[in-house]
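For reference, chains read A, B, C and D in written order, and residue numbers begin at 1 within each chain.
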Amino acid sequence: MIIFLIAILIVTGAALSPVHAQSWQLPTDAQRCPSKWGAADERGSGNHMKPETVLRAVRLIRTGEVFELGRVLRPDMPFSPGRKYFMEMKRTTMNAGRNRRGSNEEIVYTELGQVGAQFDGFAHQTIGDSLYNCNNPAEISTRTGFTKLGVQNVGTLMTRGVLIDVAALRGVEMLPDTYPITVDDLQRALQRQKVTLQPGDAVIINTGWGRLWDTDGARYLKTNPGLTTAAAEWIAKQDPMLIGADNGPVGVTPDPDPQLSNPVHQIALVVNGIHLLENLKLEELAGKQVYEFALILQPLKIQGGTGSTVAPVAVR
Amino acid sequence: MIIFLIAILIVTGAALSPVHAQSWQLPTDAQRCPSKWGAADERGSGNHMKPETVLRAVRLIRTGEVFELGRVLRPDMPFSPGRKYFMEMKRTTMNAGRNRRGSNEEIVYTELGQVGAQFDGFAHQTIGDSLYNCNNPAEISTRTGFTKLGVQNVGTLMTRGVLIDVAALRGVEMLPDTYPITVDDLQRALQRQKVTLQPGDAVIINTGWGRLWDTDGARYLKTNPGLTTAAAEWIAKQDPMLIGADNGPVGVTPDPDPQLSNPVHQIALVVNGIHLLENLKLEELAGKQVYEFALILQPLKIQGGTGSTVAPVAVR
Amino acid sequence: MIIFLIAILIVTGAALSPVHAQSWQLPTDAQRCPSKWGAADERGSGNHMKPETVLRAVRLIRTGEVFELGRVLRPDMPFSPGRKYFMEMKRTTMNAGRNRRGSNEEIVYTELGQVGAQFDGFAHQTIGDSLYNCNNPAEISTRTGFTKLGVQNVGTLMTRGVLIDVAALRGVEMLPDTYPITVDDLQRALQRQKVTLQPGDAVIINTGWGRLWDTDGARYLKTNPGLTTAAAEWIAKQDPMLIGADNGPVGVTPDPDPQLSNPVHQIALVVNGIHLLENLKLEELAGKQVYEFALILQPLKIQGGTGSTVAPVAVR
Amino acid sequence: MIIFLIAILIVTGAALSPVHAQSWQLPTDAQRCPSKWGAADERGSGNHMKPETVLRAVRLIRTGEVFELGRVLRPDMPFSPGRKYFMEMKRTTMNAGRNRRGSNEEIVYTELGQVGAQFDGFAHQTIGDSLYNCNNPAEISTRTGFTKLGVQNVGTLMTRGVLIDVAALRGVEMLPDTYPITVDDLQRALQRQKVTLQPGDAVIINTGWGRLWDTDGARYLKTNPGLTTAAAEWIAKQDPMLIGADNGPVGVTPDPDPQLSNPVHQIALVVNGIHLLENLKLEELAGKQVYEFALILQPLKIQGGTGSTVAPVAVR
């Protein structure tokens, strides 16, 4: 009898505190290293980029319609704390010569790897003092860049893109401020859209939150709907080339577990070596119900960089 | 008889002083404005970017092989005078939370529109105090960018790319220091390669000069083989989407006419509204004799910017 | 009779519209050039800096008490539109060697000549396309500085400083938002303080507005009490080394004449070649009624610069 | 007898290998902490700055002659590795208004605390992971500055300055490339100059090396004459306000002990909390044999900064 009562208490407790029951735990080093791509691997999910991947993407281009998913770089766009973007147009130089050639150029000061629509590389995040594939920052970080894992290694990514429109699944243009996207949400959305994921895909989540980028930057940054740790882990199991979203952190912010700070970033970048793509503009893609497309992005080759601002497109 | 002798002298004079005979003359405003794309046009050759253009490019992708044509961004790469690139990796921030998430990011200071492999927009060059389509800098320039002609308007360009390998035509890996590429060179190279140009193409010139980028930056910058004004004007008549090269100025430097300063830049950007793509890495493409391919590039959406560093690819 | 009535109307009209009656008029080039310091002069009021000036200042130092008049440089201080200040602390470098020497340094990005407590040089302002002493910007401006009038020529300034406490004269800690300081205000304040001006003085105006620097930056910038054009011209006639204030523009903002934009800046810098010193912290000096003191400031030698942030002191 | 011979060998060995005999040893934490200024002290030798110090300096001002000891800030000046200085003059803004007021300003990008003639604060150097007064960088360092020991706390320093002209002592204008200045050198130079040190002095060493700043920056940086550790420790015992020199590291570079990296920096900043002043221009001061003077410097109030570029003067 007592055992029975205890059992009931345990079950009730679990039911009442879902967080504690499913608390995400940091994997141990042994659990995540070496990477499935090899002990010396620096490329992570970028290893999916092969000629076949390009062809797979190309096959999805039927009309040549291009959707710009990137952001205009301007000083007043939303920034994660501490970041900025400034551009100063230099004075015009009139060159010598009878052709009266005037030249204009600008100087830019910004966290070039982490502003606008941004692509994260593997030097960006750590678990304690450990990076992707258990690289040690103390050994590979310098004042002018990381000697391994730098974003200059990525190159153009061109692959099949799949939009998982969770907002549409929930019948809204924009999910609520801290809506936690579950595995169930993802699976039902894919079902509804009649699309399945394949290894090497660019998995793009539409939350609708990107609509705030131009209209309410403060709200855009304060919290956001996004993936739960479980949802992120489920996507990771689908072996994608990258996970993208129309928000900054990709993961729901704040995470339901108040003791966790953006764990989805760690799940993707540190644990699984999967690239992230953030702050996308998805209204058009979602509005036209474009669920399958060629995704193309070109991270700048910032030597030793943690990531790159990008201007990606979806093409169909 | 005297008239006959005078005629001979004139012909001989013309033959002996080709520069004076064919000196490039700045077109008048009336000759170049309004642009063929319309009096209010800001996009110039970017107007070629249509769904059909994408399909035309896609049809050339057979194997999915990708050639990276861009450059690693590093502080010690070659720069036109006055330009620079610096990246400082910030201190790691350990975020609060039990998941011990560390964050890394870098601050970059550079002429983001004009370093590395770079794409020129139409705010970059003037003839006197006039820009493409006779836009007036005094009316559209501000400290923080141009209010018209900004590179943020360009978007991804994806089109048929044609490599014109002038170095191979001349039987060398690298053309001489100030080799002036003529119309005849271009035509014979195309003939040799059995390729013809089509409107909307990305016309990419291989001089071989790009080999110096990593090995002898001083020489790379000092002079370069490149297009003569006549060759540039001939390409312009082919109505391309852009003209690219594995050098900085695209035009031969110095121009054979010592009174001209980089007139090819004006012919392309100011007179014809044709984009330029510079400092490309073409060794692999030329080495494998890839003359026809899909060219993809994604200029950053630098609001009001004169251009953008890019990481373009050729795909076949 | 009619003429008499017309005369009365004219006089009345002038009396009723003081702005129109005393509207400040831009001097002609002939009226201000060449400078009284000579046609080739670049130093303006800095020419007052002589050994005698230093001794004159030193004689005022009796107790050695130092008043810091400068501002802490921080990213969130008040800025004139378009200006900024950022400092990023680099990663620590551990140098090789058994002495385990670690090094820290920061990178700063700012309008170094025009932030914080700032000292204006003569390249900073123009009347149309003319600078101090009728220098032509087109001839002396470059992308990397002015070839004449640069602030690197100034050097340390050490002179007798006189505080004119207009706020105290008016019986307040802080003058109202757009209080226009008149010649009468200045003269009565000096009388009240029993101090007279001498050539070569640093004339420092206390408006009390500086109290808002740390507490209400938005209000600090929006408007400010300050000198009228007449008051500025009167001070200029006293032949000072510089005019300083605890506000940004020195002149009242907005000027009572809505068609004028900060004319006091032009009166000082362009017309008379008198340096300006802005955004000072004067609470302590005014609170202790220190009206005469040695003023010491050290503009950085920014080659070709328009000014310099400074950390000046008053010593008595 | 054997003991006698052994003694001789020991003495000879010591004489022949001064390095090994007198190798500088890092002090333990207990030996240097807490600082003599107190366990919570952040100001170190800046604590010498009192009214009496100012008066002591003022008493040395007899003629008002000013010697500029600072450097023009320009992009091509000598830099320690990794440092830079860039200034871009913005486009002129024409303000609205009938007074046609044009404004010029520049944007600067530089290690503002560590370029030109520079003043070092106590956040600049560590012994292992410990700063001055055993402050722990992990506790007080942030991406945007140090929360303790920041240079904004220093304020103007005005004190008696003493030039120790070691070059003149040795009968040269410039000491040899790696000349190690000994305690004996300092004492004999002071004797020759008939000057003695007092607590709170600014002790300025003339090596003559500063002559290379404008003429041979590469040589200036490669090595330099300077203080030995013993000489630095001897000066520290004289309880100065700061130690300055016309070289970058102050200490001889390289140090005679090849296993030490710039130990003089640690002796001054970390062990003793004594400020350093580097890259001074001393030719005039030394040339005119000015051995005693008022030294005035005004470090910028860079919040949380490691130091500040300065434009100091000697006045007599």
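Remarks
Heads up, the rule we're going with is that contacts are C-beta pairs under 8 Å (C-beta built on N, C-alpha and C of every residue); 3 or more make two chains touch, one makes a residue touch a chain.
Because the structure is a prediction, the values reported are computed rather than measured.
Where touching is counted per the definition, the chains common to chain B and chain C are A, D. Set against one another, A-D and C-D show the most C-beta pairs in contact at C-D.
Interface chain B/chain D: over half of the residue numbers present appear on both copies, so the contact uses mostly the same residues. Each chain gets one centre point, the mean of its Cα atoms, and the points for chain A and chain D are 47 Å apart. For the pair chain C and chain D, the distance between C-alpha centroids works out to 32 Å. Within chain B, contacts with two or more other chains are made by residues 86, 88-92, 107, 109, 141-144.
Chain C makes touch with chain A in their complex at residues 84, 86, 90-91, 93, 109, 141-143. Interface residues of chain D, counted against chain C in their complex, comprise 24, 26, 49-55, 58, 61, 63-66, 68, 70-75, 83, 87-89, 92, 95-114, 116, 123-129, 137, 141-146, 152, 155-156, 158, 259-263, 265-266, 296-307, 309-313, 315.
Against chain A, in their complex, chain D makes its touches with residues 82, 88-92, 107, 109, 143-144.
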